[in-house]
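The structure follows.
Which chain is which? They are A, B, C, D, E and F, in the order written, and residues in each are numbered from 1.
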Amino acid sequence: MLISDYDISEFIREDVPYIDLTTKLLGIENKYGKMTFATREDTVLSGVEEVLKIFEKLDVKCNSFLPSGTFLEKDKVFIEAEGAVGCLHMAWRVSLSILEYFSGIATRTKVMVDKAKKVNPNINIVTTRKTFPGTKKLSIKSIIAGGAWPHRLGLSETILIFQQHVNFVGGYEELAKIIPKIKAVAFEKKVTVEVENMEDAILMAKAGVDTLQTDKLSVEQLTEVVEKVRSINPDIGITAAGGINVNNVEAYAATGVDGIATTSLYFGKPSDISVKIELGQ
Amino acid sequence: MLISDYDISEFIREDVPYIDLTTKLLGIENKYGKMTFATREDTVLSGVEEVLKIFEKLDVKCNSFLPSGTFLEKDKVFIEAEGAVGCLHMAWRVSLSILEYFSGIATRTKVMVDKAKKVNPNINIVTTRKTFPGTKKLSIKSIIAGGAWPHRLGLSETILIFQQHVNFVGGYEELAKIIPKIKAVAFEKKVTVEVENMEDAILMAKAGVDTLQTDKLSVEQLTEVVEKVRSINPDIGITAAGGINVNNVEAYAATGVDGIATTSLYFGKPSDISVKIELGQ
Amino acid sequence: MLISDYDISEFIREDVPYIDLTTKLLGIENKYGKMTFATREDTVLSGVEEVLKIFEKLDVKCNSFLPSGTFLEKDKVFIEAEGAVGCLHMAWRVSLSILEYFSGIATRTKVMVDKAKKVNPNINIVTTRKTFPGTKKLSIKSIIAGGAWPHRLGLSETILIFQQHVNFVGGYEELAKIIPKIKAVAFEKKVTVEVENMEDAILMAKAGVDTLQTDKLSVEQLTEVVEKVRSINPDIGITAAGGINVNNVEAYAATGVDGIATTSLYFGKPSDISVKIELGQ
Amino acid sequence: MLISDYDISEFIREDVPYIDLTTKLLGIENKYGKMTFATREDTVLSGVEEVLKIFEKLDVKCNSFLPSGTFLEKDKVFIEAEGAVGCLHMAWRVSLSILEYFSGIATRTKVMVDKAKKVNPNINIVTTRKTFPGTKKLSIKSIIAGGAWPHRLGLSETILIFQQHVNFVGGYEELAKIIPKIKAVAFEKKVTVEVENMEDAILMAKAGVDTLQTDKLSVEQLTEVVEKVRSINPDIGITAAGGINVNNVEAYAATGVDGIATTSLYFGKPSDISVKIELGQ
Amino acid sequence: MLISDYDISEFIREDVPYIDLTTKLLGIENKYGKMTFATREDTVLSGVEEVLKIFEKLDVKCNSFLPSGTFLEKDKVFIEAEGAVGCLHMAWRVSLSILEYFSGIATRTKVMVDKAKKVNPNINIVTTRKTFPGTKKLSIKSIIAGGAWPHRLGLSETILIFQQHVNFVGGYEELAKIIPKIKAVAFEKKVTVEVENMEDAILMAKAGVDTLQTDKLSVEQLTEVVEKVRSINPDIGITAAGGINVNNVEAYAATGVDGIATTSLYFGKPSDISVKIELGQ
Amino acid sequence: MLISDYDISEFIREDVPYIDLTTKLLGIENKYGKMTFATREDTVLSGVEEVLKIFEKLDVKCNSFLPSGTFLEKDKVFIEAEGAVGCLHMAWRVSLSILEYFSGIATRTKVMVDKAKKVNPNINIVTTRKTFPGTKKLSIKSIIAGGAWPHRLGLSETILIFQQHVNFVGGYEELAKIIPKIKAVAFEKKVTVEVENMEDAILMAKAGVDTLQTDKLSVEQLTEVVEKVRSINPDIGITAAGGINVNNVEAYAATGVDGIATTSLYFGKPSDISVKIELGQ
């Protein structure tokens, strides 16, 4: 799974600005070795294609690999490579970090998606734009690899009206009046408004917004909101956001919303992946 | 706390490649507003100086701020800024993400350092080079802000011999023979070897390595290793690594090692920080 | 009007990789001068903020300016600056090129928007993503400055199904069957399909697509399509595209479509802007 | 025709920052397809080598192509490629934009060169440095592909004295006095002065400038100037500039000048090129 | 003396990727200090403006400075700055390296120019494009600061025919035949040919080349060549190149050539500059 | 010998921003040629791998090469390549500059290392971080290729206390008191202090610093210092720095220090390497 085009070099330079000093001092850099990566737990792979690019830049030859998005149980080898020991050591840790952090995201995503879909097969898990600064491209790739979709990629391409916008139009009542105009201008996009209570949800549904995004409602509150706004507009989209994660996703999925927006997949424990570097022949 | 010089622009572009479409459509971009950031829990700030740079690039005026490294209890305002609403909305989320993710690292660091030092005031918490790919500069800044030190910044400046190196010199016995030569060449640096058991630890201590790094030893095993290798060389440095985190750090600190190396501070829940954007005057 | 954050330096380096050799050879680089920019025809300004950044990098002091988006008749001065002659000459041509090319886009946009709105006040002019490679950020800024909106910014954030996609799902009949599934997954976005004839337009309207994009229909054909698909779904959005430009926009606007998508604004004659560089005091 | 070395990635990222969302949602990204590019009108190709680089970055395999500089009549296929549908769709539009905009430049160049040479086989069409900001490398490549030459690439390597310089040496009379000194220092380059009337042209020719560049003279004025200055110095070079384009180039070429400098080739309608993406086998 | 616009950040990152560890460990980073730079020998300054940019990026305040191009005798202070000790230490060495290496170039240039002009006041010292890879912008600035000019900045803007070109046109005899055609096409530039002996020099002078560049001729040979080719074409330019440096420049200058091209100024001992960092108040 | 990953493109663009104009004007760009590089003196090669990358970017095919670190006597061919003449000319000079400047460093390094080791086989030559700004990656590669090691790569990874630090802790006496604390915190690294006289050397040795760096001591002074401090701590490391170069290295090596730190290898005359470009078949 390819994702646009970007420079993998910075990742390498972060870890190895010049050489692997240890390998050079030990005098083993020109020996020839094999490097294998294997899972140590259930894992959805992500970042594999980026590791292949690193191998190419560092003269490491990849003999076999499984692509990002592959689900593996523990103790499965998924990359086999070979090369000069100096090159293998330069590639090792940066590759492992990419695989562990981004497979961690992909794996958490699959777990959350599976839990939610069990309760509500039509639910969509979507992830917010609040990625760890500097990691967005691969984080987006990883949640897609795990079965989620990006909620919005940034500020420039979607219309999502927050309290922080409403403050400048004079409140939700005033906002309601201009929703039709906004919709007419942005006729190719859906207009979404974030609401934190029933009152605003009703107001916005009546004003004709395409999608409601609820923030930090309890499951009970959300259930009522869904019922009420669907009675006003059965075609309205509803996204639940705010504090929803792998632990409470089932209850929220059961409310019948169209989607659940979460940031929680972007952080957490990296996947545990083992690497062996041994004498090749 | 300044950290070298690097380009903050990529962080902005990740979130707002062009404009804040919502603000533009609502026609509020030229109104004037105030933006304040406040803690919602105990927090060690990090990333504040980077946010100031973002403000400068996006024509947001900062009226007051507290520097990275500051410890704050909940509900404390630490940045006050103002500007055109279009600019504030472009700066808001990228600034918040930087503050939340990196203050999260700094705060976790302080918690772990405090716990460890309570048990052993001379202990050092050091962090590995296994940062989330793409975040290294600010991650390093954040662990320093929280009271830890970088263990090694990359492959090019320290000598740390892993099993993956030893495989190519013929095992630990052979390694022991060349340690003196390595030390003579690298006379300005300490030579560190990673060991996983008592036998190798003793072998390496006798060979004269400057620092031992233990991997995944239990507290009991580590206690014995410390006692034994110190009896061989009282000046040897000992770093414990592998599976040590905020939950078990006290027991490991009590073993008397010089330092504890951990990756666990680099990931986890971001700090919870609130932002208000309101009408300014 | 600020647009994200990006590096203006490449524009400078394109024109002046080192110094202005002529100024240096004439020995006038340290004299002090004034530089003024003025319109030579009706112009909607664009690129002014970028020119200010160039001035800052090249030590040119700006005394006054009018922002991007300003409409000016001919012979109006809109930037006054001063500095060492060597600096003024380094800044001159790159600034002028930015102002002329991007104000050209903004001005063409205003002309087309004005013509279309006269006929149909609710029409939206939207511009495609087919910008001159390397100029996208400022081209998007310029069409917004002139009163249009971006149709889609790229491939990653909108759903627009072309013939080139349909070829792989087995034709429009097959596509119709999966539209509901696509809509459910992409519930936060509108699903748009490009059609080239009445038959496919009807098929897609019945299938429930949110927006139709017509390609290269005549005004007569488009009029019929609008009437027909609106009778199927009065809320459907319709964007006309393909060969519509400033010369025929009125007729297309009169068809009652919601928007007209065009690439034609991105190219054409740059605005004519004069620059004087004279002795300052 | 290779042109230096530069990064094609920004062009890709402009159009597809992450993935082709439509292809992904339709579930067709892993199908296999063929993509062909063909002319729809007389075209001088440019940008082909850059498209090949894009294909390489996006895992698209090119089966055949014709190089930049090739002249083709309409309906000629000039690139055939294949790959996964997701990759083809990521590559499609950015490749097409490059080919259309830059072949447009090359084609306009050939038309203008052919017209001028018919009248005056020794004439040279040279293009100014006023390229669309951000497009210089490929614009220069394209005018060369079409048969023109760059007039000057930037400020640092040629000596071209404008009115804006003359203002600081005290007028053309004073400039005449220092021309010999300038020539002695810049002995490896030609010294060119821009003039707008006969008087200054004569003054400069007598002062010994190597090349005169006339600005916005009528054909009649230019004819007189050429005759007069050649009578002063038969070896002087004369470049006509200012308002000369494909429509009036023949008359200007007939004046006997050595070259015609124009900016007009850099902008205008892109070439019309068709793309098909179909099922491969 | 400003030179275009480029990124100084890489210079900083080369030396200080994160922080000054020593300052941090000593706990002195927030103390306040003064930093002064002074010459230790006769020096033509270069790189001062770049150091000011570094100061700005690293929060160091410059109180006074002398610009690039200034000639100073030994023990003259030319930069006084102040700031937090952590910042001063981050800025110190990178600033010093820039000043020492590039002032070294400027100073060597002045010495060579002065020696040559004493013998032949009309001589020009020009420097080749063979700069130390990665240093071109500042190297060019430095030779200009010292009184020389760039011979050619690169391959794209000048015509210099080497033996390595002549090999492909069939030898100098064949080249002579096409010189007129080359001159007609490149009528805005001078055509230069490198020659290594009298025979080719005569051939080329007769063919009408604008400038001859001699390679590795002895002073005696060069004297004869100058006399001979000037008798053929008194206006021809002659540049002597190949092995000319500060030690033999006077003899070569005395031959009456127009210019001497040299690479020797780009390398050699850096200037000796002292830095003090002391307690400020 | 691979060194991390970095962008070679800037080197190309410095020399050839667009095309080789001369080759294009001569009409020989599509002829096919061979290019060979050969030594003209004893040379340790460096930069060969970077030249291979340049060849790849510029469509030049390398038929054979010898790797960086190879020692060659004069007149040995070490790179043979072929390609279109336009490509060969674009690659020629930038490749040659890389090879000449960086092989110059590698060769000077070998000469100095050999001289020092003859006197003291255990001596280490280490190079400071004072590289020519913009050349660090390849300069470090080159000194390693020649047999030296980097002394410190930058400020962030080593502890080296200069006078400029000591000024802020209250002098060497005060520094002595905090050395134990610094050592405890930085237990994985050696603590080095620069001293300029016997008194401070003794003070620091007694304080327990791991390594002393002497600055600008005469051979006699250094001999006494070595003897004295070794009598205090036989395990202390001693690095001599300040004014040591290839001419006096033997005397300094004979003092028995562990290492000699020098900047002198980074500058000086480039290696003399010849290039032929001839007709291929």
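Note that in this section a residue touches a chain if its C-beta (ideal position, glycine included) is under 8 Å from a C-beta of that chain, and two chains touch if they have at least 3 such contacts.
Just so you know, these numbers come straight off a predicted model, no measurement behind them.
Under the contact definition, subunit B and subunit C share the contacting chains A, E. Fewest steps needed to get from subunit B to subunit D, stepping only to touching chains, is 2. Over half of the residue-numbered contact pairs of B-C are shared by just one pair in A-C, B-E or A-B, which is B-E. As for how the two copies subunit B and subunit E face one another, under half of their interface residue numbers coincide.
Subunit F has its Cα centroid 31 Å from the Cα centroid of subunit B. Chain geometry summary: the mean Cα position of subunit C and that of subunit E are 43 Å apart. Centroid to centroid, with C-alpha atoms defining each point, subunit C and subunit D lie 22 Å apart.
Counting partner chains per residue, subunit D has residues 4, 16-19, 90, 153, 156-158, 185-186 touching two or more of them. The touch graph of the protein chains shown belongs to none of the named shapes.
According to the touch criterion at the top of this document, the contacting chain pairs are A-B, A-C, A-D, A-F, B-C, B-E, B-F, C-D, C-E, D-E, D-F, E-F.
Across the complex, subunit A meets subunit C through its residues 4, 122, 124, 126, 149, 151-153, 156-158, 184-190, 192, 211, 237, 239, 258-259. On subunit A, the positions that touch subunit B within their shared complex are 10-11, 14-23, 25-26, 28, 31, 33, 85, 89-90, 92-94, 96-98, 100-102, 129-136, 138, 154-162, 164-165, 167-169, 178, 182, 185-186, 267-270, 275-279. For subunit D in complex with subunit F, the touching residues are 1-7, 137, 140-141, 144, 150, 153. In the complex of the two chains, the subunit A residues touching subunit F come out as 9, 12-13, 16-19, 24, 29, 57-59, 86-87, 90.
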